[in-house]
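The two complexes that follow have chain A in common; it is paired with chain B in the first and with chain C in the second.
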Partner chain A sequence: MSELHTVNKSPFEKNSFDSCLGHVLEGSAVLLYEDGVYAALKGTATEGKVKAAQGVKFYALGPDLKARGLAQDRVSDGIEIIDYAGFVDLATEHDKVVAWV
Partner chain B sequence: MSEDIKNFLYLNRRAPYGTIYAWESLEVVLIGAAFDQKVSLAFVDDGVFQIVKGQDTSAIEMKNFSPTYSALGDYDVNQLYVEQESLEERGLSVDDLMHLTWEDEDEDWAEKDSIRVVSRAELNKIIEAQDVVFSF
Partner chain C sequence: MKFAIQINEGPYQHQASDSAYLFTKTALEKGHEIFRVFFYHDGVGNGTRLTTPPQDDRHVVNRWAELAEKHELDLVVCVAAAQRRGLVDDGEAERNGKDATNIHPKFRISGLGQLIEAAIQADRLVVFGD
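Entry: the complex of A and B
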């Protein structure tokens, strides 16, 4: 069973991102959207956590990055930026969605 | 209908009275239980505060909905997973939680504990085995 985990809260305000990483299994995907995209930034306390998550694929929602003035070059390496259609694809490609709201 | 039975997990991560999440989750659980699905609950992070015993809201003018958790067993909701790490981080143990039970029809209505304390790793496997996860 592959899982898509979603995080929509800032990792600097809430523990949704940390809690997600504590519960994600290898082979799963994590999508960062809304304020969750702040967890995608380089040079933050979260960057190392993204890199340390073995066998987990990370995505960030482009429209939410753009809305917050976060250019693509500020996103950590290894995080794929996707659009809304990509969000839908991820949801359908995985067996279920686990939301860390 | 029987072939349509799915495993539903309600993932509770918020404390009870500061926001409406905990109460809303409980209401949805009770509604869902009426549809003959396999329902279980997980209490993670501040969600473990939802089932702490001795809640008394009389001085904050809010409904104390904690007694409702005791009714879950009557609706065949008897799998309540509580994450060990979340308890420990908050200085809690299972003794601080309400004693929630259910009666097993197959064993002459023997009273059994609904709460099962599980490690984070165990919970991750439980989540993996679900068909649907509802987050609150």
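Entry: the complex of A and C
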């Protein structure tokens, strides 16, 4: 059983990203979208948390990065940038979708 | 695959309705089925036909309605959330003695049972918003 966790709020605004990391299991995925993409940035307090999450795959929604003027080279290594088609695919590939808001 | 979509946020509040719309549209383009879109809490604001954004802005309500027209989507607004926020159809206007209605004809008002049913019938429930 694997889950897709979605985070749509900035980790600097709400603690939903931390709540998500506290529940995510190995083999699951985390999608950062809307203001959640700020958790994908290099050089922030969240970068280490992303790296420390063993066996969890991280994704960031490209259109939401672009809408915020965040270039792809600012995204932490190991986070895959996807589009809406990728979002839909992730939702189908995992057994359930859990929204952290 | 069969998806159910839940939207908890107003149309111009943050980004939930935009994200949900683009997810739904993409899922349909990829050949998936959308069992139902359920608008809950402030999300009921997505269903008023009186919405008039500036001409150079996206029209969130009409955009949902057009997608519903094209793909025969079931757009359902939560009745209790709608009553609180003044979203009214013919039945609610009569029941509550209101002098007007404002729901878009592509939307319908119903109960939480519709959300539960969607969660049971669909393979995935995807929630957008606060």
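A few remarks follow.
Just so we're on the same page, the second predicted complex is superposed on the first by the 101 of 101 C-alpha atoms of A that agree within 3 Å, B and C clash if a C-alpha of one lies under 4 Å from a C-alpha of the other, contacts with A are read in each partner's own complex, and residues count from 1 in each chain.
Here is the rule we go by: a contact is a pair of C-beta atoms (placed from the backbone, for glycine too) under 8 Å apart; a residue touches a chain by one contact, two chains touch by 3 or more.
The structure presented is a predicted model; accordingly, all values stated were derived computationally and were not measured.
In the three-chain model built by superposing on chain A, chain B and chain C fit together without any clash.
Within the superposed three-chain model, A:43 lies out of touch with both chain B and chain C [touch as defined at top]. Measuring from the middle, so to speak, at the Cα centre of chain A, the directions to chain B and chain C differ by 60 degrees in steps of 10. By the document's definition of touching, neither partner reaches A:55: not chain B, not chain C. In the superposition on chain A, A:99 contacts both chain B and chain C. Once the two complexes are overlaid on the shared chain, A:19 sits against chain B while remaining clear of chain C. Of the two partner chains placed by superposition, only chain C is touched by A:91; chain B is not.
Looking at the superposition, the partner that touches the larger set of chain A residues, chain B or chain C, turns out to be C. Looking at the shared chain after the overlay, A:69 reaches neither chain B nor chain C. Once the two complexes are overlaid on the shared chain, A:8 sits against chain C while remaining clear of chain B. Think of it this way: put the two complexes on top of each other by chain A, and the tightest Cα contact between chain B and chain C is 5 Å.
Applying the stated touch rule to the two superposed structures, the overlap between the chain B and chain C interfaces on chain A comprises residues 96-97, 99, 101. Within the complex formed with chain B, the residues of chain A that make contact are 1, 3, 15, 19, 22-25, 96-101.
Those residues of chain B that touch chain A in the shared complex are 11, 13, 44-45, 85, 120, 123-124, 127-133, 135-136. Looking at the complex, you find that chain A touches chain C at residues 6, 8, 33-35, 63-64, 84-85, 87-89, 91-92, 96-97, 99, 101.
Per the touch definition, chain C reaches chain A in the complex via residues 1, 3, 8, 14-16, 19, 22-23, 25-27, 30, 32, 123-130.
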